[in-house]
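Labels for the chains are A, B, C, D and E, by order of writing; each one numbers its residues from 1.
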Amino acid sequence: MLDSFNPSYNPACSPILRVENVTIRYQTDDHHVTATDRVSFDVFESDRFVLLGPSGCGKSTLLKSIGGYIPPTAGDVRLKGKKVTEPGPDRVLVFQEFDQLLPWKTVRQNVIFALINGGRCKTEKEADSIALHYLDKVKLSKFKDNYPHTLSGGMKQRVAIARGLAMKPSILLMDEPFAALDALTRLQMQDELLELWEETKFTLLFVTHSIEEAIVVGSRILVLSPHPGQVRAELNSHKMTRGEAGASEFSALHDRIYEMLFVEKPTARAGA
Amino acid sequence: SSAAAEASKVRFADQIGLLYLPMRVAIEKKLVEKHAKEAGLGDVTVEVSQFSGGGAVNTAILSGGVDFAAGGIPPLLKLWDRTKGTDTEVRGTISLTHMAYKLFTIDPNVKTIDDYVGIQGHRIALPSVKVSTQAVTLAMAAEKKFGQDKAFSLDNLTVSMPHPQAYAAMKSGSQPIKSHFATLPFSYQLVKEIKARQVFSSYDVAGGSHTGVVLYNTKKWKDENPKLFKAVVDAFSEASQWIKDNPKEAAELFKNSEKSPNTAEEILEMISDRSEVEYRTDVRGTLIYAEFLHRTGDIKNMPTSWKDYFWESVHQFEGD
Amino acid sequence: MSIEVIGARTPEGIVLRPEYERPVETKPDAKDVTRKLSTWEHIIGNEMVRKAAVVALVLIAWQLYTDLADVQPLVFPSVVDTLKALFASMMDGELFLRVWGSLKVLLAGYAIGMGLAALLTVFAVSSRFGSDVLSTLTAMFNPLPAIALLPLSMLWFGLGSPSLIFVMVHSVLWAVALNTHSGFRSVSETQRMVGRNYGLKGVRLVAKVLIPAAFASILTGMKIGWAFAWRTLIAAELVFGANQGGGGLGWYIFENSQNLNTDRVFAGLLTVMLIGVLVESGFRAIEKRTVQRWGMQR
Amino acid sequence: MSIEVIGARTPEGIVLRPEYERPVETKPDAKDVTRKLSTWEHIIGNEMVRKAAVVALVLIAWQLYTDLADVQPLVFPSVVDTLKALFASMMDGELFLRVWGSLKVLLAGYAIGMGLAALLTVFAVSSRFGSDVLSTLTAMFNPLPAIALLPLSMLWFGLGSPSLIFVMVHSVLWAVALNTHSGFRSVSETQRMVGRNYGLKGVRLVAKVLIPAAFASILTGMKIGWAFAWRTLIAAELVFGANQGGGGLGWYIFENSQNLNTDRVFAGLLTVMLIGVLVESGFRAIEKRTVQRWGMQR
Amino acid sequence: MLDSFNPSYNPACSPILRVENVTIRYQTDDHHVTATDRVSFDVFESDRFVLLGPSGCGKSTLLKSIGGYIPPTAGDVRLKGKKVTEPGPDRVLVFQEFDQLLPWKTVRQNVIFALINGGRCKTEKEADSIALHYLDKVKLSKFKDNYPHTLSGGMKQRVAIARGLAMKPSILLMDEPFAALDALTRLQMQDELLELWEETKFTLLFVTHSIEEAIVVGSRILVLSPHPGQVRAELNSHKMTRGEAGASEFSALHDRIYEMLFVEKPTARAGA
């Protein structure tokens, strides 16, 4: 359908999401702040694409721009060849903020709300069973009738994750979803995510600040420089799994990224 | 066929109090309905809206919310002045009541109007300063006494206060309200309950009894409903006559139609006091108000006679 | 791990203690972890008693004042006299009639006012110009007293209830719209984004996200709107008076004040106050079930 | 890393692409990253023009209505007549005098009302009972019309401005208190904890945390309070009349309405509306500098 | 001063903070939720005491109770022998929530606010220079005049950390302060924290969900069981530093804790 408007888009070999030279500036009352600077990357269908970069480099901003909330100051975000102008349930976002649950709905209702309004379910009953399924996956069945304000920080984030996963969107955008989780829960969540991906091969755009997590979760990693974020590198990691965390390839990639991010090389400064 | 062309409904604006007794009688005894029928107009309905004050009544008549309203002479003069020559020109339909506006005091130092000059801690309550008929009457009295440039010299003693509240203030004696420009039933209560003394009455200013409350309506309505108009005039003349002939029944009718704090006997006593009130259809002593209002610029047109601001149909009644 | 003196400080200044490990004790079962509240705890949450106490205190203060200051009962009757008049008016059924007469009009005005406020705020959140329209109209019309509108109201709606409803809508509309709009504008950006993420826009976004998220503000607006509807109705009834022997509480108050029945005037006012307290309990119940339950307000 | 066919899919279904690495380009210097806004951008943020347009639209609609519906000018004069009367009244200086007379009283009443509202809400946030006292008193007194309070007001405060101020305080107090209290109760628990962490309690906590955190609600309360102060003042001046030749805008409106100078009545009302728009601009400016700047309201 | 009221408290050998059999239940509209169950531990002066446990086990709740916000349902929290009844600037808390900055104050003003009201500084000027010092430590000098809503999630948390550190309280309570930070920034922050501790030897109570971080930052680690939180163990880690992260002692402790937390042993179930 969309394709008819964009003859240039061919789903077989074109990226599903194309970010081209995107610069985003925030306008505050008396000045601009550049959050991302001429960022380009392509995400193909079924990619597990990770955005990795230091705090404040514009990862959340990029994600919100792809989500359709923030129009780029310069450059284009194209989804299936069509310019992104507004949010929609085809790109479900899991936000970084703890207040992303609707406080007037219980945990279960929060998921149902998304399923019904996002058009994934027609009936309340269908939505309910899906919601319970995903809440079980994030180990929160016991708290399904709690209101969000009675949950701990990590529990809130898990509900948001369940809500995002339950939606089965064609692209899932996740902004540091596991940051508030303890080691085990985090591993479990990563596994759940990968398992789900195995099942449906949805496209995942994942923001994290953990290099390990990036390598484990991602199939391709976009490394961003510190504020204002520019692309430093795009790397493949589709062959690494957690099992190999100790292995030399894994740690070589880890060290490579670490160096890229945090050890400023003379080349990086050459342009200055 | 002319009957069919006229309205089947007459709407009156009524207010609370003994001054509006003729209207109460006309309504309760269904006199308008009776006279309309006699004039061959068939069944007309009478609709009554009660208002709390003159301002709302004026708005009601100008916006066409009511057909007839009752009010004092100054409001009528202002309405007439502003609408003169238009098709909503307002004029008096018939005089309902002759009544005195009386100034009472509980201050032993005040005997005459002269004593207000330079008085301290003493205020005169009236329904609203400057614009109410009482305020105009006070100014006319002051003008008569102290000269034209001093007409408003007592204005700074006056305060706006609804009658019941002013009465309560006089009774409590603890407030600076020491004088009250009252009408029935408060003038009666003031004398009876708290032995207030009368300083002067508007009859002194006018040199005799004068019309206090009149019924008025617009030219448009009168022209559109000539027969009904006449029926209303007849109904109200009959009401006046009936009160005159049956004061006791009139007092009882009033008592039943309103939650008056007074007994029927007291009401009878009030309406029988000719220094207070008379229900008369002749128009008296109104031109001096017109002259005063014209002099002070409140009305622009100076009538030459009371007939200028009353419809021809009542010119048969006496007046001056 | 090397052995060190327990209780002594390490060179860095840390007090050394032995390690220990212990099994998790009898896992309290689900029932214990999420135990139902006792009836007593339910009762203690009830604030009716405390509120009744406040009402009682007000009445006592009033009685004491009239007793001690020895004010003229014609100006300010005592509680006892007022209550007597209240009972008398209730007994002869008049008061109920009057209250009902007022309530009918009030509810109509309130409902229409709320509806218009909803329309106006939806329009206001949908664009920057809409927001300017709302704030400018509110700034212009909100300060106008109902009395100033009565002539227009009579012109457009005649003398009956529609006129009263018109001026009441005027007094409800702006307060509710202001509070609702301000509430909408304060909704967390994240929650707004979540709503839009799931495809909500326009009226649906307002209904499903903005209204619940701004519910505390909306309730406040509704409370103020309710109070001002009463104020306006009573004041307007004083001016308009009654139609065909009808008339509400405002007319009851006016008529009795004209006839020097000050105790009945105060009985009328007391009725308004008591209705206010009743309605407030209703609002409170809503608050408890909504914003408070959702943790959005203490 | 093993070599695979670029562009093809791996068995798991991932499209293979080459890796790349690039240096960070010319680091934009601080000036570029945080560039000042241009004058034009500053101007476009100004909404005066849009608001003036709304006012103009209202006036045009009014003029069209009076022209087309051919209403009796004594009931509803046209804009042109109203503006003429406005200029006339401005020229002879009367209007300014009247406005000033009203403003003096208004500001006093408004200030006192705000002060009392502050006291009451501080009391209300300090305990559960205090909160009940506030909500019950508000429920009782807020619906009472100013007209009902005037007799008592005159009894207690005499016949001058203090009486007017009393009834105005009544109309400001409850609206502001309700909004402020509701705002306080909606303050984020975390921010409240932060304040208490740094030793703030009682009045200092209110002043330094609750008030700024609830500022959006407080502003709304202030706007409503302001509007209702006007309403009450105008209505009360009608009853009080002019004192010692003074008297404010309410009196100007009343006197002219009694004298059937309807054009002047509307000139008075228009003045109230224009003052409303002016004050709203003031509130808006405050909003921009506070809640909007702080990201607490859009 | 306080001691005079509590003759039993002897600063030389008594714990500065004593948590005794603390059970905390939350009361929601129709039921209770037990967050922590009979938790006891002692914190001595200059301890770097870590609370470690899975998501939802009551760590934040415990910290808030010590902070004086939540009175325990049963048991006692005693600070220097005196029962904790209300919050105060002697125990500064860095919360887990992103909205802990006061939105109406700039980054710098947020720190100054704490310094002045917490009684650490008398003059604005003094506070200002301290604030700038600590903002520099968290790498936010460039954003000192920004309002919080213009910061990224990680930047907000760093401001809160700077604010907590700047207060130099006798006890610093930190609730997952570094969760939102990228790897490098996290390491830098940990180092800053340890360096500051070296300087003034303040008492630190630190909540984390990362076992590595617990070992690196903590001198003693309290391991809590899943919901409702009970004490599983108290372990020493004062000799581990990041330098040894690969070393066998470090990883032995890591594995021990991991097992304790996430691999339910038969003994753990023995009581059931």
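Methods note: contacts are C-beta pairs under 8 Å (C-beta built on N, C-alpha and C of every residue); 3 or more make two chains touch, one makes a residue touch a chain.
For each chain, UniProt lists the protein as follows: A, E = NitT/TauT family transport system ATP-binding protein; C, D = NitT/TauT family transport system permease protein.
Computed from a predicted model, the values in this text were never measured in an experiment.
Common partners of subunit C and subunit D, by the touch rule above, are A, B, E. Shared contact partners of subunit A and subunit C, listed by label, are D, E.
With centres taken as mean Cα positions, subunit E sits 83 Å from subunit B. Centre-to-centre separation between subunit D and subunit E, using Cα means, comes to 43 Å. The geometric centre of subunit A is 29 Å away from that of subunit E, both derived from CA atoms. Along subunit B, residues 55, 59, 62-63, 162, 165, 168-169 each make contact with two or more other chains. Chain contacts: subunit E has residues 33, 97, 99, 147, 150 touching two or more partner chains.
Residues of subunit C in contact with at least two other chains: 71, 75, 151, 155, 238, 293, 296. Pairs of chains that satisfy the touch definition comprise A-C, A-D, A-E, B-C, B-D, C-D, C-E, D-E. Looking at the complex, you find that subunit D touches subunit B at residues 72, 74-75, 150-151, 154-155, 158-159, 238-245, 254-255, 257-260. Contact residues of subunit D toward subunit E in the complex are 30, 188, 190-191, 193-201, 204, 208-209, 212-213, 215, 290, 293-296.
Within the complex formed with subunit D, the subunit B residues making contact are 54-55, 58-59, 62-63, 75, 78-79, 81-83, 88, 123, 128-131, 155-156, 158-162, 165, 168-169, 175-176, 298. Residues of subunit D that touch subunit C in their complex: 47, 50-51, 54-55, 58, 71, 75-76, 128-129, 132-133, 135-148, 151-152, 155, 174-175, 178-179, 182, 185-186, 189, 216-217, 219-220, 223-224, 226-228, 230-232, 234-235, 238, 250, 253, 265, 269, 272-277, 279-280, 284, 291, 296-298.
The residues of subunit E lying in touch with subunit C in their complex are 13, 27, 29-34, 37-38, 42, 44-48, 198, 201, 219-220, 225, 227-228, 230-236, 238, 249, 260, 267-268, 270-272.
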